[in-house]
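These notes open a run of structures that come right after.
After this come two complexes, each holding chain A, first together with chain B and then together with chain C.
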Partner chain A sequence: MRTPPGVKEADFAAALREFASAIGKQWVFTSDEDVDLYRDAYSPFWGEPEERQASAALAPDTVEQVQAIARIANRYKIPLYTISTGRNLGYGGSAPNASGSVVLDLKRMNRVLEVNENNAYALVEPGVSYFDLYRYIEERGLKVWIDVPDPGWGSPVGNSLDRGGGYTTHQFRNHFDAHCGMEVVLANGDLVRTGMGAMPGSKSWQQYKTGFGPAIDGIFSQSNFGIVTKMGFWLMPQPDAYLTGTVEVPRHNDLVPLVEVLNFLENSRICQGMSDLSSPVMGMPAPPDAPPSPPDLIALINKAIDGNARELDDYAASKGLTAWSVTIKFYGPAKAIAAQWEYAKEKFSVIAGAKFIDGELIRLPLTAGQRDKVHKVEFGIPSLSIFSMGARNANNPTPGDGHQWFSPIIPRNGEAVFEANKVFAAAGRDFGLPVPPFSIPFCFWERSFLFLFGFPVTHDAAKNKSTREAFRHLVQIAAGHGWGEYRTAPAYQDLIMSTYSFNNHALLRLHETLKDAIDPNGILSPGRYGIWPKHLRGARR
Partner chain B sequence: MVSRRDVVFGGIAVATFPVFADVVGARSPAGETLGRPALSLYKVVFDERFPSSVDFGREALARGFAVHAIRGDMTDLWYYDLYPKWKTGPAAIAGLTAHGPLFCLERLSWDIGMRVSFRERRPGDLYSWVIAPGRRA
Partner chain C sequence: MKTFRVALLSTLAAGIAATGTARADDEAQVKAGNAVFQKWCAPCHASGPGHPGTQALQALYNGAKPAPLEERTDLTPEFIRNFVRHGVSVMTPFRKTEVSDADLAALTAYLIRTQR
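And then the complex of A and B:
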């Protein structure tokens, strides 16, 4: 039997007996066959001694059982690693930061406690998946939408605590920002409700976010200060219609005004959906099965990255292609969103040569036929179709066994996109990384761009080692330019936390002060997002 | 393209897949008796995009199994069919698919104590597989 670090085998056995007494022995998993299910399928250390693996797993069913587990863990100083559904692949899965931790698997706590159609909110337990919540709403014919990540088999609680995102409108895409109220079990087993939930008999727990006094919900995201056992979310009232409009501009440097207008329209809530930026002339972003860009085009792209875009513009003109395209998306009454698109056209018309393509107006709800054709996540429909992409094909003969996301936040302006590409293209060449000739940022988040580079994880230790080294270099290079990652897998959390180092790591020191106060024995997810308890901290500095 | 209707009415398959020997408990590809009890399959999954998977679906049908066609994406199969079925208890399934659908179905089946009991890589980067109740199911 594996044991947690620093815990005597006899103590661990005693703790397991007490856990079994608290939650039922059938919900205490200790066999390799069961515990191996919690390995991170996308671990960049797969099969190596450094791969982080659990020692056991517990699957409680109630808040009271979670409280009992916390108290037992405190008594025996057993590290717990909390997961909701554990399907956060690409950013860590269900494997702990600290090998030997006991996974606290909240999948059985899967009750949808409330969905309020009138005021569009929900209250759920951590084991509720997006599919569960979608089914609950669909079966009752409620006119509210959820906002889902892609793939959608994770949970609203887990994804929002990890600060994941979705694909509908601004105020719902940022899943943590869309939450309203939490219930949290602390390390000592105490139970806290945040916001209005702190008032016994509150009638507005999911209707007003901050309650009274400090708003502390944020400390329970990307952290290890408590075990969230309930969480409220604001939902999107089902809109009447959906409309897209595409803007094309001819020249490479038109990206600068294109983004300026886009920012105005998004920040003014004229267009609410997640905008899609692309470059027709560069063929970016390229689909997974696209052939490599021809060398002559790559040469022109490289010149453009170096500041000389004239030849790329000439090439685009000769091919009848435009430099940039952005598709903006509208949700709301058909008349209103048609007017918003017309207004957007006026604004983009300041760019010489801008062309507009009207998208189809889709009246909602979707018909069955429409549902099969649309990008489901833009309509709040969870899907796993993303796993059918990336299969072996002529252009991708050696697909990886998984991926790890490198995901820096970049300022929302065209100049920053050019600069980031110059930096990342050079880094990709230097380290042999599969960085595309030109990377197009995503518009998941308000006010900023997100770059997403998926680096392959394989079952070849040598390749993984090389990718890890390159990944670490990229993190440092990005930090050197003031670009920080918004999220990462446990393998890189210490590294990335170390780049948020203003004033001699004042933020991390504050995290550690909180950790020592709230969880003095360091039993809750030690190491998550770089926050280690005191007894495990020294060696990591 | 072969549709589900073609599979249903296309006649008896000619290929034999080792996975069925594992499922029906008859004989292994080498011919020896496996000595395992027959496994009741709730559904056999094939992918219409791959001819060998379509053959697999045909053979499953000829053997009397209920079949389900996908085209890479297994979401609807799981959401509308397997998820409600598995809510009532474990139910074994088999398939010949690409890695992606197997990866998803395997992980989803863990939640009710099921495991991949047979997995074999086949030509064309496909996998034949059986997901069956595990020790804890």
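And then the complex of A and C:
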């Protein structure tokens, strides 16, 4: 049996006995066979000594059991690593930051406590997955939508705390922003409710976010300051209809005005869904089963990246293709969203040669036949279809064993997209990374672009080592240009936190001050997002 | 003789009842396994497009075996357990708080139901 670092075997054994007494011995996992199920299947250190692995796992069923676990862990100084569903693959899965931690698996706490249709909100426990919540709503015929990430087998609590995103409208895509009220077990076992939940008998815990006094919910996201045991979320009233409209512009440099108009329309809430940018001439983003781009096209793309797009524009014209396309999405009353699309066309018409393609107006709810054809997540329907990207297919006969995401935030303008591609294309060539010929940014977040590069994880240590080195270089290169990652796997959290270094790492120093005050024994998820307790800090800084 | 006949009939009746109970237990297990499959496996392994597991098995077997798992007749308990607990490629293992040992037994009963 593995033991947590710095904990005597006898103390660990005593703690495990007390954990078993608190939650039932069948929910204390200590055999290698059971604990191995908590390995991060997508670990970039798979099979190497540095792979972060748990020593045991605990699966409580109630808040009271979580409180009891925290008190026992504090007494024996056992590091706990909390997971909700443990499915944030590519960002760490169910494995801890610090090897030897005991995973606190909240999957059994899977109760949907409330869904209020009239005022569109929900209150759930951490083990509730998006599939579970969707099913609960569907079975009751409630006219509210959830906003789901892709894939959808994670939990609203875990995904929002890790600051994940979805695909419906602005107000709900940022999952942490869409939450309203938390219940948190602190390291000493105390129980806190945030927002209106702090008032006994409150009638509006999920209806007003900030309550009274400092709004502290944010410190429980991407951190290790508490164990969130309940969380409220605002839901989207089921809209009457959904409409898409596509704008195509002819020249490479048209991206600049295209993004300017797009920003105006999104920031004005004229179009509310997640816009999709693409490049018809470059064939980007490529579908998962697409063959590689032809070399002559790649040469033209590289010239465009270097600032000379004339030949690429000529090539596009000769093929009858446009340089850029953006599909914008509308949710709401059919007449209103049709009018919003007409207004959007007027705005995009400032770009010479802009063409418009009307999408199908879909009246909601979807019929069974429509469900199979649409991009489900845009309708709040959880799905795992995104795994098609990494799974075996005709053009990927030897799939890898997972992926890790390099995901920098880039300013929302066309010039930044060109600059980022120049920088990342060069880095990709230098380090032999599978960077696509041109990377198209995603519009998940308001006001910014997100670049997403999925790098393969294998069970070949040499290949993983090479990818890790390239990943680290990319982080540094991005930081050198003022681009930071929004989220990452434990393997890179220290590195990325170190790039947020304004004023001699003042933000990290504040995190550490909080950590020392709120969790003096450092038992909660040590190392998560680069925040280490005092006794482990020296080695990491 | 009469006593013997009654005893024999009773034994036979008990046997039939036991068989019936066993069959009912099997059916309940298969039904429970179907629910496990629909919850945990179908999002990737159901038939039709948009299911990455089915896509991967189609590419692997190229029609030599059915791509949707529910249509397979060659699965064994060891095979099923291995993939649920160890995963393969981008498919990750499932923890016991997700698919318990009892769930796995039911899932196995469901996936091998046609082999009886």
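Structure notes:
Operating definition for what follows: the second predicted complex is superposed on the first by the 533 of 541 C-alpha atoms of A that agree within 3 Å, B and C clash if a C-alpha of one lies under 4 Å from a C-alpha of the other, contacts with A are read in each partner's own complex, and residues count from 1 in each chain.
Here is the rule we go by: a residue touches a chain if its C-beta (ideal position, glycine included) is under 8 Å from a C-beta of that chain, and two chains touch if they have at least 3 such contacts.
Remember, it's a predicted structure, so these values are computed and weren't measured experimentally.
Shared-chain residue A:A59: touches chain C; no touch with chain B. A count of residues in chain A touched by chain B and by chain C gives the higher number to C. Within the superposed three-chain model, A:Y208 lies out of touch with both chain B and chain C [touch as defined at top].
Shared-chain residue A:F264: touches no atom of chain B or chain C.
With both structures placed on the common chain, the touch criterion links A:Y42 to chain C but leaves chain B unconnected. Once the two complexes are laid over each other on the shared chain, residue contacts for A:S388 go to chain B and to chain C alike. Once both structures are placed on chain A, chain A residues 33-34, 37, 41, 107, 131, 153, 382-385, 387-388, 390-392 are touched by chain B and, in the other complex, by chain C.
Listed in rising order, the residues of chain C touching chain A in the complex are 39, 43-44, 48, 50-53, 55-56, 59-60, 85, 87, 89-98. The touching residues of chain B, counted against chain A in their complex, run 71-75, 78-79, 83, 98-101, 103-104, 107-108, 110-111, 125, 134-136. Listing the residues of chain A that touch chain B in their complex gives 26, 33-34, 37, 41, 87, 107, 131, 135, 153, 382-385, 387-392.
The touching residues of chain A, counted against chain C in their complex, run 29, 33-34, 36-39, 41-42, 57, 59, 85-86, 89, 93-94, 105, 107-108, 127, 131, 153, 372, 382-388, 390-394, 396-397, 399-403.
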